[in-house]
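Have a look at these structures, which come just after this line.
Heads up, the next two complexes both have chain A, just with different partners, chain B and then chain C.
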Partner chain A sequence: MKKFFYSFTFAFLMAILFTGVSFAQDTTPPTDDEVNAIASQLYCPVCESTPLDVCPTEACKDWREQIRVMLSEGKSEEEILKYFEAQYGARVLAEPPKKGFYWLIYLLPPAIILLGAVILLRSMKQWTTKPVAESTGTGEVGGDSSPAKDDYVARLEEELKKQK
Partner chain B sequence: MFVEFGYGVLLVSFLVAIYSIFAAIYGATNKSASMVESARRAMLLTFPLLSLSAAALVYLLVNNHFEVSFVYEVTSRSMPTYLKVTAWWGGQAGSLLFWSWLLSAFASAVTIRKWDRDIEFLPWVIVICSTTLVFFVGMVAFYENPFTRFWLVGGNVEPHLFAPLNATLFTADDGNGLNPLLRHPGMVIHPPMLYLGFVSYVIPYAFAMAALITGRTDDRWIRLTRRWSLWAWLFLSFGLVLGGRWAYDVLGWGGYWGWDPVEIAAFMPWLTGTAFLHSVMIQEKRGLLKHWNMILVILTYALVIFGTFLTRSGVLSSVHAFANSPIGPLFMGFVSISLIVSIALVIWRWPDLRGETEMKSMLSREALFLLNNLLFMSVLVVCFWGVIFPLISELFTGQKVTVGPPFYERATAPLFAALMFLMGVAPLSAWGHSTLQTLGRSMWKSAVAAVVVTGILFVTYTKNIIALVGFFLIALVIFVTLQEFWRAARARQRAQKENFLTSLSRLMGRNRRRYGGYIIHISMMLMAIGILGIELFQTSTQGSLAKDEQLNISGYTLQYKELASWDDRGEGVNYTRAVVDVYKDGEYIGELNPRIDYYFDSQQNMTIPGNRSTLNDDLYVLLVDWQPVSNAGATFKVYVNPLVNWLWIGSLAFMVGIIFAAWPDRDPAEEPARSGVARSSKQTSAAD
Partner chain C sequence: MTEETTNIKRGVPVWAQVTIWTFLVGLLALVGFGLNRARNPMAEIGEPVPDFDIVYYEGYEYKDKTQMKLSDLQGKVVVINIWASWCKPCEQEAAELEEAWQFYKDADDVVFIGVDYVDTPAGANEYLTKFNITFPNAPDLQSTISSILNRQMGVPETYIIDREGVLRHVKIGPFVSVDEIKSAIQSIE
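== the complex of A and B ==
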């Protein structure tokens, strides 16, 4: 924890040191909303699963300041995200970058779902094409001529007929 | 004294539970009724024993026994008594004891029932419940012990259960205090609800295993546990909703769900549980899918254990945390062994579990239910993979990654949309057989109405295509479901010559599960309105305001008036509270008071939003920062969350629906519809 904190502070101070010149340029300072728009896409390594724009810790405050400084230097959103990724690793991004090993996270679920769908479809086909003679026919509760009819209503009407 | 007593009875209950396992197995295999009875009594004995142990822990918590490390970690002198009691489940060790206590209560409740012709299940239900209990009690007794005390050993303070050589007891002046986030009323009841849900699912699982072992693989086990699985689902759902509301109220990020691994851990058993609720109906009505129901209940059990482990321990945060914690490998071992054994049992009984009928049509209700199951499983796959991927990545590449909301949202949104569509179609399909024609005939009116609603929304509210698709599906489901109520009640009204409301209420009373289910469907759609609103239309802005300065967002104007900061020594909290005037379209509509509470004991901040909630939108204001001396004033973060109130309204309706469906009446599994109808017609004639 502490180590992270110090490295953030250090990075922040360095950022201020090296950007002194651009501060002098007379541009409108970036608004909080501009900073948050980028911060919301970042996660600091300490505060698990809390995006940077809403994280209340000091470390995250410093990161937000760093984004502000980089914005006032005229850096683009993409450059800033790239910088944080290069500095602290892929984990600062909201999801893994689409490259190499990380493709697994994007490709595996659809593959499994597709497999599940194929298995389901095949077994359903198998069930439906079985000869009807084999059927023991236990299930059919309603037995009504209109299949979409509520089986409870059907049963109820049947009961009522018997009552009369 | 209380420490030794609490730990002592804990150990005794551990031994008693072990005894009940062996006695039950012996009794079942040697057909010895007296041994089974002995096992049953042992099982029953664990409940009073664990209650005593828990009472000892609560006594220590309430009476500031800070020599006990668990008490030191989760309470402090300034906490009110009710919070000291609930601190019981505020930490890992206590919550595992809480889990065990609940399980022994439920297992006792289930073994007390009259068994009659189901007596052959009894020993195996005991075996499964006791094995689970032994695991959890063992975990509490030997790894996560809430009765560990601090000892002064050669100048160092060390936690030990019993006094080491030449040690004196060390008592801290005051405790750490419960994490302030956990002091919210929502958080006081959220974990017990979740745990009630988790633990209730052990019972259907125990019956399923008993059915496999004894070979009575008909749907008896499902009928016996139907109410258990409904109540389990109720508690789990309630727990999830409370968790969402709590996040919205105290976490201070303007949302209710962040796809955090801990949240997903509770969501996963809910997914399999929901799939199970639907697919058991296929087995009951059509005698199909016996294998699949077994697999679902096994998965739910495994995910419950996995979830318990994930929510409290935090050991899945990294490979190192996992490897270094003693309970990580144990939990994983237990989950794996129970999975392997259960699946082996299913394979062993595979031929007996073959379906009694065939699927006749791809559009029949059973086929659509299967599709529903596929979709729930798909959401599960996404969630599970997302939760464990950071670990896998760390293991193989050495790099940790974050899997955040964008991943889950993109992956699950189409799946949820498909589920909604099914919700609109499936109630209209018939068991056994449906065709596109029959479906179309019963659906077209609702579909047209939904198109009209979507058209109106297109003109008046939004041009966002995703939102419009969402609203169309919501409208479709609501219309179809209402039409179902209408159609059935009208049919009954005609037949019975009652007035419409009487027909409707009697109809619903006679078929609680179905109509409770429909209420749940409609509630889900109300919730979906809220979710669409906040996900697609949320706006936010942040700004530092000097006194009387203004900030504009989506038609609202906020004016910063003043800020006060004061200590409440009694409660141990420093409050900083801002006063913000709110105007809508230039008109004054009230003031909001966003706050920051600082807790001295745990040295933590809590950001409490000022929230103005209407059916149309929520104005949610957070105090982010303030400068007491300079005239820069204070920084606010403001969210406008459209429609989010529908999420909470839907949640309440949802609870009503489940309670309606699960409310106990005379053993409905045994009661044929016949007697119900006969009785009601008698009542009608009496009323006439």
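== the complex of A and C ==
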């Protein structure tokens, strides 16, 4: 019975202690780092292309304050980001949502790189293939004695003779 | 010279050309479709203003209507003032706008609507309370209304629409006096 009493008392005290810790954590105001961790995932809705955590305008101060208030209300990072998206549109998200047309942002760059690589590889393969000359007589063997080049040399010599 | 040389074609192969062109045309079509979808009609001076929805802030409704369309106000002169709580120049004209509203509101012929451009609810509430604003006010968090009105510089900007719904006057920056607001309204009445 005594053992049970001590165990119960211990459990009760621990429960009070941890509840106290939990309350203490809940009342701690969010730090600037916590606010900026979320703000860095958002863009200023007014001055475009400026991350919210570094934007110096009054408007951005208000939005950072909004994040602080929401954090102190116990809202999670995901909830805050969803709130901002719902209020101001997906344009404020640093990482566009993976839905609808936004998929293009994720799919197009790798697709373009892949396509470019395939074309480059195929083209390089062709560029490095040298023309093969099949010798059937007494002429030189190699790429320099093609009929087209012979014609060109003959025409060049003829032109040179005319110049003289 | 009796040599034969195999004929090797140089340049981009046909299959690659077809792929590239198909890809580019597809991409352009997608971009065009996306831009067309995102495009809002825009107001021009002397032209009818494209219709849009107005959802009022609680406590700042128009005759107890929480939401309406701009076209519902045809037959009245509509003064739309775009502002934001973070906008310092907006504060310069806030009191003047409220005073002008007090002058016109009983005649029910001129309607003032404040459009709060990309703001926080707390900031908006503080601003409206601070300047004792009583005329109808609505948020424009996603810049839908300000895009349709063709907002040009920033905030504040004020647009005056005549009884037929045609945009007649645009004021960029704050009004400096109540008289300036009245003369802008009278110029189209």
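Everything that follows uses one rule, which is that the second predicted complex is superposed on the first by the 102 of 164 C-alpha atoms of A that agree within 3 Å, B and C clash if a C-alpha of one lies under 4 Å from a C-alpha of the other, contacts with A are read in each partner's own complex, and residues count from 1 in each chain.
Throughout what follows, a residue touches a chain if its C-beta (ideal position, glycine included) is under 8 Å from a C-beta of that chain, and two chains touch if they have at least 3 such contacts.
None of these values were measured; they are calculated from a predicted model.
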* Which partner does A:V46 contact after superposing on A: first (chain B), second (chain C), both, neither? -> second
* For A:R122, decide between first (touching chain B), second (touching chain C), both and neither. => second
* Asked: Who does A:E58 touch here: chain B (first), chain C (second), both, or neither?
  -> second
* Please indicate which partner A:Q66 is in contact with in the superposed arrangement: first for chain B, second for chain C, both, or neither. => second
* **Of chain B and chain C, the chain that contacts the larger number of chain A residues** => B
* Asked: So, A:E79: does it touch chain B (first), chain C (second), both, or neither?
  -> neither
* Kindly classify A:G89 by the partners it touches after superposition: chain B alone (first), chain C alone (second), both, or neither? => both
* To do: For A:L104, select first, second, both or neither according to whether it touches chain B, chain C, the two together, or no partner.
  => both
* Structure fact -> After superposition on chain A, the chain A residues reached by both chain B and chain C are 45, 89, 101, 104, 108, 127, 132, 134-141, 146-147, 150
* **Residues of chain C defined as touching chain A within the complex** => 1-6, 8, 10, 12-13, 16, 19-20, 23, 27, 30, 34, 84-88, 118-120, 122-123, 141-142
* Structure fact -> Listed in rising order, the residues of chain A that touch chain B in the complex are 31-33, 36, 43, 45, 48-51, 54, 56, 89-96, 101-102, 104-105, 108-109, 112-113, 116-117, 120, 124, 127-128, 130, 132, 134-142, 146-153, 155-157, 159-160, 163
* Structure fact -> Within the complex, chain A is touched by chain B residues 252-254, 258-261, 285-288, 317, 355-362, 367, 370-371, 374, 377-378, 381-382, 385-386, 389-390, 392-393, 396-397, 399-407, 411, 428-435, 438-439, 441-442, 484, 487-488, 491-492, 495-496, 507, 510-511, 514, 540-544, 605, 607, 624, 635, 637, 673-674, 677-678, 681
* For chain A, which residues count as touching chain C in their complex? -> 45-46, 57-59, 61-63, 65-66, 69, 87-89, 101, 104, 108, 115, 119, 122-123, 126-127, 129, 131-141, 143, 145-147, 150
